[in-house]
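For clarity, chains are labelled A, B, C and D in written order, and residue numbers in each chain start from 1.
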Amino acid sequence: MTKIKTLEEVLTHIQDDMSIMIGGFLGTGTPEYIIDGLVDKGVKNLTIIGNDSGFENSGIGKLITNKLVKKLITSHIGTNPETGRQMNQGEMEVDLVPQGTLAERIRSAGAGLGGFLTPTGIGTLVEEGKEKITIGDKEYLLELPLKADVALLKGTKVDVKGNIYYDKAARNFNPLMAMAAELVIVEAEEIVEAGEIDPDHVMTPGIFVDIIVKEVK
Amino acid sequence: MTKIKTLEEVLTHIQDDMSIMIGGFLGTGTPEYIIDGLVDKGVKNLTIIGNDSGFENSGIGKLITNKLVKKLITSHIGTNPETGRQMNQGEMEVDLVPQGTLAERIRSAGAGLGGFLTPTGIGTLVEEGKEKITIGDKEYLLELPLKADVALLKGTKVDVKGNIYYDKAARNFNPLMAMAAELVIVEAEEIVEAGEIDPDHVMTPGIFVDIIVKEVK
Amino acid sequence: MDNNQIKNIIAKRVAKEFQNGFVVNLGIGLPTLVANYVPEEVEVILQSENGFVGMGPLAEAGKEIKDLVNAGAMPVTLVPGAAFFDSATSFAIIRGGHVDVTVLGALQVDEKGNLANWMVPGSMVPGMGGAMDLVVGAKKVIVAMTHTAKGAKKILKQCDLPLTAKEQVNLIITEMGVIEVVNRRLILREINPHFTLEEVQALTDAELIICEDLKAMEV
Amino acid sequence: MDNNQIKNIIAKRVAKEFQNGFVVNLGIGLPTLVANYVPEEVEVILQSENGFVGMGPLAEAGKEIKDLVNAGAMPVTLVPGAAFFDSATSFAIIRGGHVDVTVLGALQVDEKGNLANWMVPGSMVPGMGGAMDLVVGAKKVIVAMTHTAKGAKKILKQCDLPLTAKEQVNLIITEMGVIEVVNRRLILREINPHFTLEEVQALTDAELIICEDLKAMEV
C-alpha cells in the first residue's frame, strides 16, 4: 500500500471550493509542482491558508494570478500586488492574521486544542469579533483553531512511510499544516527508503502524511 | 563568556524554596548528576515540576526520598511508592496533571501564551477550580501556563553555544522546559564546538540555555 | 483459565480490531501483550507517549539501547520509519485525533462509556499519566481488562471511582466477551463459548443487550 | 544628508543598543542595515522569524544556498551555532519574551508608545506579518525610521492609522535623535548636532521632554 502517487492522482483529490493549507514562506518550502497542477486543472473558489501570498508568478501567488482563490487567510500580502488589487476590487476576500497567531492556530487544530490565549493583537483591529480574557492583570485574545480539507507540503527528503525532513528555512509552516488537514500531501524533492532518515531527524512523522508525490521540474 | 560551568557553580544558583522543572521520563533524559548535587547540597522546600517522580533511587525520586520537595507537579507517581507515602501522610503536596496538559502548560509559558483550551479532563476531578469554555458544541477546560525559576535539562550532545541534541526518547519534556524557566541549566553527556551539531538537528536552540555542565559519572 | 491465559485471550481479540496503517497506543500491562497478536499482513504503527512512533518489540537482553525505552521504561526496539518528538508533539498527536486506537486497562467502566483507571481515593493514586489525553483524543478507545477483579464487578451501571474521562469508551474486551458501548448502552457482540449468557450477565453490573448477531469469541 | 546617509546614521545608532549575547530580530528594510554596525566585540544572535537563529550576513552573489533565506526572501549565511525550527517555535521564541530587541520601521508612532506599521486603509495593506507578535513579545522594541515621511510628521500625539500594537514601543531612533518612551511621554535623550531642539520639535507632533542629561547623537 504505497503512499507514492502521480500528480494526476493527487489532483483527483482536490476539488473546487476546498480549503487548502500550503506550506512555505515567500516560496521557500512551497510545493510549486502541485500548485502548477492546480493551476492547470483550474480548481476554483479555493480558500487558501498560507503565511503569505508569494509573488505574482511563484508560490501561492500563481493561484491568485489565475483567479482560483475565493478567500485567502494569511499574514502578509505585501510582496504580491495582485493580491492587494483583487482584495481592493472585492474579487477576493483576505483575512489578515498575525504570523505567530496563524502558526499557533494551525498547531492548535492539529493538537486537538479548542484555542489559545495570545497577547498579540490586543488594542488593534485584530481584536474585532474576538473574546478577550484577562488572566492575572494581562489581557489576551482567545484565538480559535484553523483546519483545512487539504494540506500541501514541500519536503526536502521524504521516506516511503511519509516521514519528512525539511532543509534549513524550508521547514516553516509545513510541520504544523501536516497535523491540521483531513488529507495531507507532500511534494518530495527526494524520496528515500524507510529508515534512511534518522528517526531523531524526522521533522514530520509519517503518520500525518497520506500521499507523497515526487517533484518534477 | 563561556556558558560551561562546574557543578559547584551551578549549585550556587539553586536555593531553598525555588520552583524547578526537571526534564525526563522515568529517568530517561533526566539530569541525574545535577540532582545528586542538589541532594548533596540539601536545598529544600522545593517545588518540582516533572513528568513523573521516577523511582525511589533515581531521577526526581532522589529529591523526594531525601525530603527536599515541598510540592510536586506531575502526571504520574505510580512508580515511586515513597511519593504516595509522603502525599498520603501530608508531608508533600502533590498536584496531578494530565501528561498532555502538563506538557502544553509548560510550552504555553515558554511561548508567551496566556493559556489554552483542552478537552482533556472534562467530566473528571481535573475540572476543579478551572474555567470551562464552550466552543461550538464542545466543552474545554482553560488551562494556564506553568513557569519555573530554574529548568534542569539533560542533553545528549550540547555545543558551547548551548544548542542541544537529545538522543531518541531522551527528548520528552526537555525542549519545553528549556523555554519556560528564568534560568536554564543543561547537563551534557558530551560538549562539542559550535557548529558540530547540524543546525537542522538542533532540538533546543542555544538562546534558551544559560549554563552547561558536563555530566560526571 | 489461569491469569496468563486470560490475558492472552483478551490481547489476541483486541489485535483483531486493528487495520492496516493504524496508529495505536498500547497502555502498560495487559495492553502491551496485544502487539504479540497483530497479524503479519496488518501493519500497525505503535505510538509511545514518551515520544515516538514506530516502536518495535521489547529489546532482547543484552541488546538494550540507551534512551530507547517505552512509556513504562522498558527497553524496546524500533521499526524502519520510526520518528522521535518531544512531549508536546507526542500529546498533540494523541489529543489531536491522530491515534486510531488506544488500548487501556480499567478499574471500572460503565454503560455510558465512562472510564475510571487512575486513582482509588485514600489508597492507590498512581496518577493519570497520559491516560486522560489518550482516552479523549484517540479515535477509538478499547478497554482491555479481566471481566472482574477478585470477584468484584468492573463493568458497572455507573462508575463510583474518580473518572479518567466521560463517555469516551467505545469497546470493552474481557475474557468473557466483546462489549460495544452504543448510545450509553452496552451491546454484547461476542461471547467466549466457555461461558453462558447468564454467567456473563451475572458478573456484569450494567445490563447487557444481546446483539442479534451475537458471535462466538475466538479464544 | 541624502537618504542613504540618513539610514546609516540611524542604523549605526541602533547598533549601540545591543549587548553581548542579545537575541535580536531586525525587520526588513532599514533595520537590516543595523547588522553592519554591530561592534566586533559584541556578539549578537540574529533571529529570523521564518525559522532560525544564528543568521549571518547576506550571501555573496553566486554563493547562495537553497532554502537559506531571511524573512525577506534574501539569501543569507549562517554563523556557527545556528539552529532551525518551525514557525510555531519561531513565534514561541518571539511571543515568549526570548528576543531581547526587535528593530522595526514605522509609519507612525505616538507618545504612548503605540505603533502603526501594517496598513493604510484604502491604499497600502501589506499585512502585519510577524510584526504584531514581535512588538508584543520582544523585551525591547526599537523603532528605527526617518523622522518624517515626505515632510509629514510620524511621531505623533496619537496614531491615526490602525495600530500594530498598543503601548509597546520603548525607543525611537531617527536621524534627528534618540527618543525614549517613558510613562506615555517622549523623552529626547540624544540629538543629532546638525539639528537644533527647535527643529526637532517642529518636525515632531508630540511634545518632546528634553532629558536633563541630553547628549549629542554620534553620527
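In this text, contacts are C-beta pairs under 8 Å (C-beta built on N, C-alpha and C of every residue); 3 or more make two chains touch, one makes a residue touch a chain.
The shown structure was predicted, so the numbers you read here are calculated from the model rather than taken from an experiment.
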item: Partner chains shared by chain B and chain D (touch criterion as defined above); value: A
item: Of A-C and B-C, pair with higher C-beta contact tally; value: B-C
item: Whole-Å gap separating chain C and chain D, where each centre is the average of the chain's CA atoms; value: 55
item: Separation of mean Cα positions, chain C and chain B [Å, integer]; value: 29
item: Computed distance of Cα centres, chain B from chain A, in Å; value: 32
item: Approximate Å spacing (C-alpha centroids) for the pair chain A, chain C; value: 35
item: Contacts with two or more other chains, residues of chain A listed in rising order; value: 104, 107, 111-113, 118-119, 166-168, 199-200
item: Multi-chain contact sites of chain C, meaning residues that touch two or more partners; value: 52, 84-85, 88, 91, 94-95, 136-137
item: All pairs of touching chains, each written as two labels joined by a dash; value: A-B, A-C, A-D, B-C, B-D
item: Touching residues on chain B, where the partner in the complex is chain C; value: 25-29, 51-52, 74-79, 84, 87-88, 96, 98-101, 103-104, 106-107, 118-126, 156, 166-176, 203
item: Footprint of chain D on chain B - complex, ascending; value: 1, 107, 109-113, 159-161, 163, 179, 193-195, 199-200, 202, 205-208
item: Chain C - residues contacting chain A, complex; value: 20-21, 23, 45, 47, 52-54, 78, 80-85, 88, 91-98, 136-137
item: Contact set on chain D toward chain A in their complex; value: 48-52, 65-69, 71-73, 84-88, 90-91, 94-95, 114, 122, 124-133, 136-137, 162-167
item: Residues of chain B defined as touching chain A within the complex; value: 104, 108, 111-119, 133, 135, 138, 140, 142, 144, 165-168, 199-201
